[in-house]
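Encoded as structure tokens, here's the structure I'll be asking about.
Letters are used for the chains, namely A, B and C, taken in the order the chains are written, and counting of residues starts over at 1 for each.
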């Protein structure tokens, strides 16, 4: 009814459309070309890039690795984050200080921390191995062996992003009404029972939201891999983003990289939607609140 | 039983706290080391295990073998602050429009437009990197501050929209109408009546914008080279086998410190119930 | 004079207003009386400019308002929910419209303080609205609406969310305050017939988006034009008795033949509906009825009874305790009944027939 309303929406929308939508459409077009260092420019190559993608086992392995990495880290982050949130929710000394402390890692620039972690994981000069030796576990070939490198990436991700999960879950806990807990206390329920019957079900919707948000962010992982392992050793920690980066930015095969990106985007959108639906069915049904 | 439970609690807290502090502590001591403190193996305690020096810190300002992060630091400040500010302004305006008015473009309605804004965050950076690169090259804005700010505005705006739409929806429309009847056209209503009532939202949105802006590496990395460098990029560039760890650590501390302060702000907000509702 | 001509508004297939025409004069309180959902709020919002009618015209003193957005219309509105600016103090809340109009800040604040004094909130000027009670918040809203002396004042059930005593007190205050603003057109929407009777200089009955009747309260209450109007205007609800006038006289459908001159009028044979107000039924009469429900309200008692198969409502201006299920004898004062013809229209007393 009022023409003034466009003043509000249009500036932001136009910027977004210009900066993101058009380039995206352009990328779709590029994916149907074979633009690379040798033939720069927008030619037409039909579905050649997509055909190549289909055969590219390295791509699909990277996809598999990414799924493994993100799902496991998100799950661990959820469990740890929830535990931490419960710990500093109430009844503990220095509660606010602990909350601040637990929040700090997610504020720290991830890339920069990855650089530091690289020095920590250094097999001969880093501080981690000496500690492990002192504990009797023995030094580990952190960055030179596949499984260990994978674990190293996971450790960094968990250190960096559990606070994020922690934040969302703590905010959720703090917003819960207190009556059910009083009722549980009156009924004589102990901490474990209270958690299973009251806390966890009430956090159903919030848990789903937190997991999804974190899953979306986790699927984009690239910086940690780039700095810590460069996808290595070999391709042991190569995720999809990193592989696309190699093909696109390093090898400058822009047409192919475009195809890779778009396929990745579609797969991710579908996967996340399915995960979202499954999670909602699984967890929100539990909550009776 | 109760004491066991309590002991477990404090043990868990201590373990995790240790895990959190570990890299920071390492960063701190390493920044004061010289070659002696590093090459022999990991050392922790100054004066006892190694000789502390300010070399790492001094090298931050340039000089022979130095890493000079002053310029990148300032660049990061400029880009993060201006990008966040503009994103916040545009995003808040759009969020208000989406919350209050109904838009229609054929079958596309408000909910779809909001989804369009928010879905930008799902985009993996890599998908956008190539088009951004080509676009900035076409505009002649590669490797420049304005170019980067433009990109950041587009990336951070969805955050502002996501946060602010929820906050605006909690304000009853009756308030807008009351302002209209008191003689305020929509823009005045927005500025003088609605905005003062969503200040917490602006704080939250602003915070998230600052965090994601300051911490971005990928886009700064792909879209800048030599003329303009942002802090995270310059630090990663140091990550070669030649660069001394002490310079690296000092640079890292300087980079991480500003946002660590934000953790205080976030916690205060959290404890006052400010974030309830951000997780839908 | 505010003229609303033939306003129609349909939303989602539901007609909220269907050809509403109202004329409201300045210096008088025009009440819009109707049930919830009748269209009163929609009508007020249309006058304010918050909703656009699909057809019809709104004009004040001849000036057409159709093109004007709300911020250009000289209206003030007080709504059911207490709406005040949460971020401003009470004083600034009331001064807000004046400052927006361009008045200097100091003068605006003085005028606001004066108005707040008149509504009895002189002590509260520094507080935020959230710190005030419901009644106080509504008074702030009223003060803000009055301080700008808008030509049109719209009140949408302003006291419905307040307690009984407060309601009465504020009604009186409002009437007093309006005395001093003789150029203002005041529209007051309510669902309470007694409130309309008390407050209004002119009552407009609205049902289902249509105007049923408009006129001075006594006329509207004393002679509702149709059955629908009679229903709206009476609380407790009016007893509607289907009847037939035959050669031998009046026969009430469920209650049988009545005495010859019961209605006190001569009517041609045919079907009629008699409207008997609750206060025109008394206990201590010949008609047997059983008590279904008794409600005591203030110093009155409303009793729901069933006579045979016919439900009746009785109002006594005393506090009595009729036991549930007990039997009472009722007397129906049919002489006071309103008579409606088969078409539902009122047949006025003294009208000639035949």
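Keep this in mind: a contact is a pair of C-beta atoms (placed from the backbone, for glycine too) under 8 Å apart; a residue touches a chain by one contact, two chains touch by 3 or more.
All values reported here derive from a predicted model rather than from experimental measurement.
Chain pair with the larger contact count among A-B and B-C is A-B, by C-beta pairs in contact.
Among the remaining chains, the Cα-based centre furthest from that of chain B is the centre of C.
With each centre defined as the average position of its C-alpha atoms, the distance from chain A to chain C rounds to 61 Å. Centroids built from CA atoms put chain B at 16 Å from chain A.
Taking each chain's centre as the average of its CA atoms, chain B and chain C sit 58 Å apart.
Contacts with at least two other chains are made by residues 185 of chain B. Residue positions 69 of chain C are each in touch with at least two other chains. Residues of chain A in contact with two or more other chains: 2.
Those residues of chain A that touch chain B in the complex are listed here as 2, 4-9, 11-13, 15-16, 19-20, 22-24, 26-27, 30, 80, 83-84, 87-88, 92, 96, 98-113, 115-120, 124-130, 159, 167-168, 170-172, 174-175, 191, 206, 209-210, 213, 216, 219-220, 222-223, 226-227, 240-241, 244-245, 248-249, 254, 257-258, 261-262, 264-265, 268-269, 272. The residues of chain C lying in touch with chain B in their complex are 48-50, 69-71, 73, 75-77, 79, 81, 83-87, 96-97, 100-101, 144, 148.
Interface residues of chain B, counted against chain C in their complex, comprise 172, 174-175, 177-185, 188, 193, 196-197. Considering their complex, residues 5, 9, 12-13, 16-17, 19-24, 26-27, 30, 38-39, 41-42, 44, 90-91, 93-94, 96-98, 100-101, 103, 113, 116-117, 120-132, 134-135, 150-151, 153-154, 157-158, 161, 185-187, 190, 211, 214-215, 217-218, 222, 231-232, 235-236, 238-239, 245, 248-249, 251-252, 255-256, 259-260, 262-264, 266-267, 270-271, 273, 275-280 of chain B touch chain A.
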